[in-house]
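Here is the structure we will look at.
A, B, C and D are the chain letters, set down in written order, and residue numbers restart from 1 in every chain.
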Amino acid sequence: LTGCTEEAVGTSGPTEAAAACDPADVKLVGQVRNESNPYEAAWLDGGDAFAEQVGLTQERLTYDGDSTRQQEQISQLLAGDTDCLVMNVLPNGDSDTPPIVEGAEGAGAYLVTQWNKPADLNVADYQYWLSHITYDGVASGKQIGDALAEAIGGSGGIIALQGILDTGAAKDRFAGLEESLAANTGVELLDDQTANFSRAEALEVTKTLLSKHGDDVKGIWAANDDMALGALEALQQAGRTDVAVVGIDAVPDALTAIEDGAMTATVSSDGPWQGGIGLAIGYCVATGELAVEDIAAEDRAWFAEQFLITADNVADFTSPETDPADFECANVFNRSQGAIS
Amino acid sequence: MAPPADAEVVTSRRPRARRGVSLRDTGPSIALVVVFAVFAALSPGFRTLSNVQNIMDAAAVLAVVTCGVTFVLMMGSIDLSTPGIMGASAITVALLVANNRNDNDLGMLGVAVAVLLAAALGCLSGLALVALKVPSFMTTLGVSAVGLGVATLLFAGVQPNITDEMLEGWAVERTLGLSHLTWIAVACVLVGWSVQRWTRLGRYAYAIGGAEEVLGLSGVKVAPFKVGVFTMAGAFYGLAGVMVTSQLGAGLVQAGKGYDFSAITAAVVGGTLLSGGRGGVLHSAVGVLLVTVLTNGLVQVGVSPYWQGGVQGLIVVAAVAAAVIPQRRRNQVTK
Amino acid sequence: MSTSVLTPAAAPATVVARPTVGQRVTSFMPLIALAALLGALAIADPGFLSQSSLTAVVRTAAPLVVLAAGATVVVLCGGIDLSIAALCSLATVFFAMWLPDLGGLTIAAVVAATAVIGAVQGVAHVLLRIPSFIVTLGGMSIFAAIALVISDAGPIRVVDREATAWLDLYLAGVVPMAFVVALVVVALISAALRFTPLDSWVRAIGYSESAARLAGSPVDRVKIAAFTVSGACAGLAAVMLVSRNFSGSPTMADNLLLPAVAAIVVGGTAITGGHGSVWRSLAGALVVTLLRVGLPIVGVPSAYEQILYGAIIVAAVALTLDRSKVQIIK
Amino acid sequence: MNLQIEPDAPAPATAPALEVRGLVKHFPGVKALDGVDLVVHQHEVLGLAGENGAGKSTLLKALVGLVRPDAGEILVRGQQVKLRSIMDAADHGIGMVFQEQSLVPNLTVAENIVLGSEGPGVRGGLYRWDTLRGLAQEQLDKIGSHIDPLARTDTLSFADRQMVEIAKVLRIEQRSSHPPVIILDEPTSVLEPKEIDALFTQVRRLREFASVVFVSHRLDEVLDVCDRVAVLRGGRSEGEVVAQGAEPEDLHRMMIGATSSADHYHDAVCERTDAPPTPRLVVRGLTGATFQDVDLDVHAGEIVGIVGVHGSGREDVCRALFGAEATTAGEATLDGEALDLSGTRAACAAGIGYVPAERKTEGMVGPMSVADNMLLTKQSARCAGPLVRPRKQARLVDTWIERLSIRTPHRSTPIGRLSGGNQQKVVLARWLVGGDVRLLLLDHPTRGLDVGARSEVYRLMRELANSGVATVLLADSLEEAIGMSDRIVVMSDGRATAEVAAPAGGKPTPLDLVKEMV
């Protein structure tokens, strides 16, 4: 085909030559699914807090859980001025990460992704994709599985509420539950259904499963706190007080529930920190304080520190504060629990 | 140019004048009985009393939403504003009754305000339809977006949890084995049915779906009735949003997610035509039960979560097909 | 009574044609709406009007244009196809799964498969006499389930990017090939309607199916064909998405349903059938895309973005719908 | 040529019930009314006659506020009024039965009758069904109808629905304190003789306390029931005649500005030699939901009328032959080949044409152009290969517009904008453009056509028969059936019960047929 070229706009170039940006020229973008759930709203607020710390503002983007819309926003963003662009992105699903990464690489925009990434996509192969951060889903799924097993005295039936089936988070966490079940032989998985990470869906599914299995249900394992909270409502409506519930994310309502004794355990995912840290890493590289080459291989894709939260330690987590020190260029990798295996 | 009055059957000559119940009306009920019987045979858990209660409870919110959407469909319009209106009302009520975000404690008044806000949003769809002459498909889609926007603004990043005893009680307390939410739904169906049968708003909504241009020729101004129907539908969605809040103990922006399509499906499965002029609240109530029994039954018999949606879709199509087959006729218009 | 009425006389009557200016303008309304929106975005953020930015918009719009164009044919027939997005998602999975074996033939195979699936829905609709809304709603959940099962509920990476690389080229350096393909699809559908009796059949069916049938129009076949085209377009849109995302996923296009139908309506096509065109849907798809990507990029906060989106799509339809063609607005 | 026969009745003491002066109305491309004057006296039945498209319906719609005139004035009882809506008109005591039916099909008869003016039937927004039924029953009693007020309207026959329309307009008596003006736009075109009688009795009763404007293309009927007849031509008042002693020919002359033969169908031109020995259409034992065991033979070149009261099943037999109604038993052959009755397409392909009675919903596609409607069946006639050729199409369509004198501004005008008669001509033309139709099934083909258009259609039918087309005719009236048919089949209760020969020169009388029908 005559007249065809590979690139519409070509500004790509290796980083070494790129002059460091004036801190005032850095453009910070945080992108999550929506502002209508507490976890992601807190994430964006964390980003704002970091931006304020460095005298900038964060551009908040949301794509309403719509993969195509996320891609569309990113490519539109990358079609603008990308010289000192820093993006901290929550890809909707694993499959949404590669095009974002390639787009950023092509346009020379600094990118940090969180949560979702195909296992075989290697961050170190890229110049502008600085880091990928996630929590170890298998570990957290297992941790709350174990906590649940303990709460029901090591034996009895449980039901599992899965997340959106085609996300890595849902799958890893369920794999963690399976590991836990293998270890706790007394615990029996009566049923598993998806409630799509949603509080409302979890309510309905739990009600149905409760009436299906009746008193055999001793515990409910939920792949996130939203679903755990939905399950708690279902239990309340069914008049059941003898069922243990666990979730993941440490959203404020879940922490309150743990304090009240209604819920057994959750695992911390620190939204505000996640919202700030991605921007911080990008900012440090963009301003030249940190060079891509200097980021250790194990810091290109890493598990962030997470804690099992139970009634014992819940008080430590009830008012999460982002610590400005966390975002100093020297500290940005401090919470690493090691490279993603 | 309006779709022929009775959009399904074009031949206008029918042998005898008809009153009372026809096969068309009983098809969905038969389907409901059949589906219920099949699940009861397949699953012991399904046929327990507690599960039947569970089904009724699970149907409550959908039933209230469907009450509203039925009137809109009866006019031959469509309503996709449910997610936005429910979201806005859910957040509103959560912020007005006793909650963890502010010191409000308006109780019933808060519920009323949320329902009024929802009615106002519904009214907006209707006004845009009659004033701008924009099809309801678009006005309601637009209003849904507006509602979600309003809800997100009110949400402001912190989940409002309700502590209002009355509202929480609706979901938990039971009378005659059914939760109060379920009784609210029953009341809504009865109110809807009365409106449809005894009031001008209801009968005209039905007539608008039958032959809108004829109403004009009879000197009836349809615009206020159209606006009225969308307003009433909005109020039903608003109440449904309040009910979801009662169930979840929290006001969610996503309180109405998915209710748009499931309510329309329930209404259509029950025998309300998308082209208008047929069906009604009781038909839709049957549709709601059918859809809810399906959802519940598939979980009860343990169909894999991957397949659930697909099997449900298949059964809905089969149920509608089975209901339609006895009335199939030549030169029938199916849109 | 010397000439039989069955042999037409030679002399045709001379009749004057008078297309009014007003009618001309209304048919351009979708373009006017598009220009107005672009203007407003440019005022909000002058940088938005750059060439690279516009290139990105049309590239983004390409799959939506194709999806909407196919579904427009169904809408013109008076039906609706709610399965397009789910079918498109399923097709991305097909593509990713078949590519290693079929190589260059995969695109054709995927489009053919979705065309057949579309046709099956059409057949179910006309034979079982179930409203298209219900058939395709059922189709939507069935395709979603199949996609989840065959993909094992996860994305499938596309390693061999050669098969779709051409879609990522740019004509003359600025026009994305995907958009060129979308334009070709619109032109093809439009030509197939305009220059053949199909146009008159489709509109007759959309306006009055019973009259069309009693005039001996091939109502059932035309409707099945419409669903086939709609299916094929979903397949082609899937290829475009895969070329953009380097993977297939069982939920990839699910959220494109309402935008696609909105594109059709924003273009001014009557949702009740009969009146409209694929060109209108092209303009509509561009409007919807501008709203989806433009509002957040020019810095409208999320909550206000939704409110604006709602207001603008309603206003756009108020502008584009030719009410002389649709007397009763439902 | 402005024939003016002054009424010799004494000048009315009071002002006329209704007066129209210089009314003008433009539609895109048409001047529908071009300075019409009209006077309706109190206590008279005024006929309104005119060709299709003469502007009758437009004038009447202006009188009930549905059409806003561009110029001219309307006076009610001497007072100039502006009628903005149906309700305005009703308040002035003017009500109308429309040419196209205007009932809401999914409401009850009672609701339709009181629609828009429910009065005591609705209190505080709530329906009082008993009162409502009473109100409706009162109206139905006026016209001696036994229709159940609580039946759903769409379960009624066309004729019953027409009776409901009339009952509905009579409600005007309750609404206005003034003597009402009741406008009937072609109310009789689908009624049985018995029902027409009932209607006329009612019209005569109305005259006692009201004025009536009556439109019909059956001029004998007009002269029968009216006191005075005003004639419209091309949107202008052409003059008026006193009904007493006038002949249909007089009216017709004024309508078209020339003389013509009134019994257009009686002197059927028969160029045909003996019918071929084997019939073209052979139907044996055809059975469906509403008809049983029907046998029917139609020869090439023959017109066979089927007569029967409503519910006789004759319409469904026609539809079944066209593949639009299901059959459970029986068979049909066309020129010796078995007919595929499974669908309309097969019927078209076999050379069968069908003109349905319900023009508005089944005969035409209102928003589409005259050309599109005319060529809907014979798409190949506008194409070369698979492609449409605009010029070829234009030539063809214009030829037929001219040949059938279809009054339309342009071939691209939406058919919905044409007058009823002209719409019907387009629908008929649809089957003629291909030149290959072998059997025509005509269900009330002249419904709503003026005398001129009617005789053109008759001429057309005759010519088609002479060129070998076999025709089945469900006529508008017994006279039409007798005049046009070579043979008449009588149906009742879904069975063909008798057959009467009707050759030129040996026509049966209507009485002969009625005897067979009962």
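As a working rule, a residue touches a chain if its C-beta (ideal position, glycine included) is under 8 Å from a C-beta of that chain, and two chains touch if they have at least 3 such contacts.
Remember, it's a predicted structure, so these values are computed and weren't measured experimentally.
K.L.:
Report the pair of chains linked by the most C-beta pairs in contact.
P.N.:
Pair with the most C-beta pairs in contact: B-C.
K.L.:
Taking the mean of the CA coordinates per chain, how far is chain C from chain D in Å?
P.N.:
42
K.L.:
How many angstrom between the C-alpha centroids of chain D and chain A?
P.N.:
Measuring from centre to centre gives 72 Å for this pair.
K.L.:
Just curious, how far off is chain B from chain A if you go by their C-alpha centres, in Å?
P.N.:
35
K.L.:
At which residue positions does chain A touch at least two other chains?
P.N.:
Touching at least two other chains: 34-35, 165.
K.L.:
Where does chain D touch two or more other chains at once, residue-wise?
P.N.:
324, 344, 361-362, 366-367
K.L.:
Where in chain C do residues touch two or more other chains at once?
P.N.:
Residues 148, 153, 207-208, 210, 213-214, 302-303 of chain C touch two or more partner chains.
K.L.:
Kindly provide every pair of chains that touch.
P.N.:
A-B, A-C, B-C, B-D, C-D
K.L.:
Which residues of chain A touch chain B in the complex?
P.N.:
34-38, 41-42, 44-45, 162, 165, 191-194, 198-200, 203-205, 207-214, 229-230, 233, 236-237, 239, 251-253
K.L.:
Quick one: which bits of chain D touch chain C in the complex? Just the residue numbers, please.
P.N.:
Chain D residues touching chain C: 28-29, 269, 322, 324, 344-345, 347-349, 354, 356, 361-368, 372, 375-377, 379, 382-383, 386-388, 394-396, 398-403, 409-412, 430, 432-433, 435, 459-460, 463-464, 466-467.
K.L.:
Going by the contact rule set out above, which residues of chain B touch chain A in the complex?
P.N.:
Interface residues on chain B, with respect to chain A: 43, 45-46, 48, 50-51, 53-54, 57-58, 87, 148, 151-152, 155, 157-159, 161, 171-172, 179, 244, 247-250, 252-255, 257, 295-296, 299-300, 302, 305-306.
K.L.:
Mind pulling up the chain B residues that touch chain C in the complex?
P.N.:
1-4, 10, 75-78, 80, 84, 128-129, 132-139, 141-146, 148-150, 152-153, 212-213, 261, 264-265, 268-269, 273-274, 276, 306-314, 316-317, 320-321, 324-325, 328, 331-335
K.L.:
Could you please specify the touching residues of chain B with respect to chain D in the complex?
P.N.:
That would be residues 1, 4-6, 10-19, 197-201, 203, 206-207, 209-211, 213-220, 277-278, 329-331 of chain B.
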